[in-house]
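Structures follow.
Next come two complexes built around chain A: one with chain B, the other with chain C.
Up next, the complex of A and B:
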């Protein structure tokens, strides 16, 4: 890629420019060759379907009758007056809030505890990370058995003399159960991200704080937290976006019930498309979901300067 | 600056072009239909594909045997027939996705609950002309009651290949251990009622510590399976024409109140969130289709009985399944011809070992006995032969998918000890009425 110039026969400025241009073109072609597979993949599997979904959302698509008629904004108007859509937005909000709060705080607490130089920490790190590599559906099915009325958790509670609830059949415990199943599934990944961030905090800063008389709590809040704030931002974005896309856990554990208490947006979308065969309407729901994810990510990104240390 | 802007706009053009190309390509992939892509050239023999929900190897082997014989006889028109198994729980979803993706099968099994939706949509081909014109098919032998769900005007949109009656399997060992009489005795003296069955189930459950009466596949979700019970009260979910809700009728309230009492007061029926498999010996009785008899392994004594009577009547119920030809499938004519062969009198008799046929000439204990060695001639006569005659099917409606979900969500409030049955059934009708008139 680098060119050597013979000092004895130095080319004129015109030839040099042409050679540079050729080299630049070669560099560009190499670059394009590297990015083309990724670009093609994105175009076919991400951008193409995205555009197609927007197009479908403007149509009334009856799969069985084989009709596909343009309906303009009708599907979006229907969304605004659909109480089930509002219910699904509410369920999604509850799930996301519960998941983000529990997952991020538990992951941080675990990371802080497992960042100590104590015997057995590696074993515990492996223990908490192992659910991340387990198949999501297998994990959820096992939890489904544990959470049944006569399942393992209530059996354990009965040993303690506690009469456990029917976790997945009561409106007040079903969503909590789904959130907890998801927290335990993914908390290990966030824990590892926090661990990496904690290990990047310079020891001298904490020692300096200790010399200045700061206790462990104050040192954590004033030194550690600001320095790991970029990771907190990353983990929050990943967890929120992931929580908006939850599907398998709902499909396996509750099928959106009891009532519609766990019918989150993606499950609602699935019902509309694949159970009710309303593909146009479901496409409109998915466009709204895309916009929600995009706006939330944008807001978090734009407000990062207020709370991420390195952005100040 | 200008150069940078030009580069940026060029990039934007490249990006936009690629996006449009990708979309067009994907749309083209998704909309292909009716172009003979089912295999074979426009003039040559074609490959046929039928989606099914069974994964039973012996059943699939029988289908393939019949298909291979057809291909041998019709090598100039059909080169192969493939049976594609889709998961039972997601069957209709999978079939719909194939249709939406522009890749419909040539033939498809269809659940009875989806029958009106498929029949009215125009997705299926009228089979009556092909069946009537096929030599030796004997259309008149088909039971008119069995065909009703699959007809519209004079057209027949699917062939109901399976007509499996619901009955009650009982674990006679558990009943005997609890000191209960044998249900066959109650059937003989005309006292086989839901109350009697529930009392016996509760007694057996109390003695064994296991479950009493299980309505199989109900799982406090697929409420249509409760039709086996509420028919005894003369109840139905909606009117005959499917336009008005009858969930709040006194008959339905009576049936659901009885069921609720058996779950939460009498402990005759296991509550929500409890798993109990009769065939693994976990329950004293189960309401299910006779085709489940194959799951009995001889580890306990058992009997099979007709559905008990309710306060109003004894009503037999059958679960049906149809085979339809997708009108937009790549080879609809050839598929219809194959269906006529697949379900002719000879092949129907062979299929009867797994699926009770709609042919009256084959609905006798003698024919069915050869196919169901685990069932006695008396059981076959009382539960299968008499069970199919005059039977009704489970609820079906053109808008069934939405009704299923909506009513399931409303009925969730019923599965609590302190539920108000009348209030819940009223809320079911409030939610279902707009969908019934949709």
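Up next, the complex of A and C:
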């Protein structure tokens, strides 16, 4: 626009390009200035530490013993033969699988119910979403209180004549409890994403199905589900990536126990680094965590590119 | 999405009006009320695990220690007391910790909004050599959760002598990995900005920085609100970082402080812990109820755009 206005009053093309170049230079300088803080942060707090953690993982580094010697792949060999690391991978797998299944199915069910637009829907949406804004540690503390052997949940179960277990101190219920606490904490977020997807399903399609004699159940599976499946996939991957980072819940509810039944990857990493001061070994665990998260996130980006058409 | 949810359900208003409509309509209406009542009951039951913990937290915080584990459980404190609230402030410098969390979250929020708006704008609208490569470099931050780099970050903070200060809790989130998502959301927003607006600014003789400050940034309010809300919540909820970087109680932030109400054997002093938790949770819930739309949208962004 500027150049077309200028064109008439400008004597020669040489001056014009010079002027534009000057403006371009100013632009470029502003551009660099604007991205500098973020780039410094990336260099010092993201990429630098990432390189460092790979480097540390190749060292035998115990802060208490004061050792820091290059040891090659030793830490990684140790990982493979360390039963507690294998246990922590397994615990993480159980946690992630349990969480993604329960979270996604409950989120979808709640979204479908809210989408019926009954009176009071807004209130219920507020209820289902509210734990999302409660701080994770606070939510976990309250559930920890409820799940005590003589806590609220068992108190109410006793009223019904059921003898509830000591949820957080038994190997067979501890992980389930942690998963459930986490499901209710964040299911509201996925519910909202599903609700948006459901509302993107054209009404006419469902009405056409009804005219063709399909009942609500059938039209849900044949029409709604295929249309929202990209969202389901996306939400599932996001939930898995989030579940790999679970830490505070474990620290507050079970401290990794009983035994190592709830020692998930990040909790194991924390223990190795900040309880046993095994910085080198903990760094190897970090690298494994990074690889899992990075692969999943890249898969998620690819998925979005190919599948998601609700974005505007 | 919101408008549809907010609008009054039309079925409810009209259901009684045309009592003697056709037969099929009658049958449909006869079937539907039962379905709707069942659905309502299911929703009420489903709401229990979402609402009850908060209820239990608030009521238990007013119970004396003797009542808190009583069987059968009491839904309402029989002899309410403020004792636990007094102890919250006696056992720990709770007011100080509250302030720590508040001011850190506020500074991180303002800082992140500024940094991510500037970076997002530059990546979206300004053409300069290397812009794409630099953007990819920044995006790497989305692949790296803070847990992965916590060991080197600890070492760095330690080497700088900043352990047990609030610096790492402020600076790392503002320019490190946590702000990358904010930058990404800002960039997505600025990409949609019509070029004519900027051209108008150029005609008026504004520099690039001027265009950003006076035109683009003020227009970015929806994106800014989303970034502000999820950044605030992220900082307010931080747990691993304060656990690793802080050591003295007067420097603690709330999530860490909440876990410290324990007796000599490490067992939680429940009523005090729940009182402190109530003080932490209720203000946020209050703001959420008032600004629900912004919260839902802001937090959903972390899912959608991440």
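Note that the second predicted complex is superposed on the first by the 249 of 312 C-alpha atoms of A that agree within 3 Å, B and C clash if a C-alpha of one lies under 4 Å from a C-alpha of the other, contacts with A are read in each partner's own complex, and residues count from 1 in each chain.
By our rule, a contact is a pair of C-beta atoms (placed from the backbone, for glycine too) under 8 Å apart; a residue touches a chain by one contact, two chains touch by 3 or more.
These figures come from a predicted structure and were not determined experimentally.
Comparing chain B with chain C, more residues of chain A are touched by C.
Look at A:72: by the touch rule set out above, it reaches neither chain B nor chain C.
After overlaying the two complexes on the shared chain, residue contacts for A:132 are found with chain C alone; chain B is out of touch. Of the two partner chains placed by the overlay, neither chain B nor chain C lies in contact with A:202. Of the two partner chains, chain B and chain C are each touched by A:150.
When the two structures are aligned on the shared chain, A:39 is found in touch with chain B and with chain C.
When the two structures are aligned on the shared chain, A:277 is found in touch with chain B, with no touch to chain C.
In the superposition on chain A, contact is made by A:48 with both chain B and chain C. The residues of chain A shared by its contacts with chain B and with chain C are 39-40, 44, 47-49, 52, 148, 150-151, 274, 279. Listing the residues of chain A that touch chain C in their complex gives 1-2, 5, 24, 26-28, 30-35, 37-42, 44-50, 52-53, 56, 110, 113-114, 116-122, 124-139, 141-146, 148, 150-152, 155-156, 158-159, 184, 188-190, 192-193, 195-196, 199, 235, 238, 244-245, 247-248, 251-252, 266, 269-270, 273-274, 279, 282-283, 286-287, 289-290, 293-294, 297-298, 311. Residues 18-23, 25-27, 30, 33, 92-93, 96-97, 99-100, 117-118, 121-123, 220-221, 271-275, 328, 401-402, 405, 408-410, 412-413, 415 of chain B are the ones touching chain A in the complex.
Those residues of chain C that touch chain A in the shared complex are 1, 4-6, 8-9, 11-12, 36, 39-40, 42-43, 46-47, 49-51, 53-54, 56-57, 60, 69, 71-73, 115-116, 118-119, 121-123, 126-129, 131, 134, 137-138, 140-145, 147-156, 172, 174-177, 179-180, 183, 199, 202-203, 207-209, 212, 233, 236-237, 239-240, 243-244, 254-256, 258-259, 268, 270, 273-274, 277, 280-281, 284-285, 288-289, 292, 295-296, 299-300, 302-304, 306.
On chain A, the positions that touch chain B within their shared complex are 39-40, 43-44, 47-49, 51-52, 55, 61-66, 148-151, 166-169, 255-260, 271, 274-277, 279.
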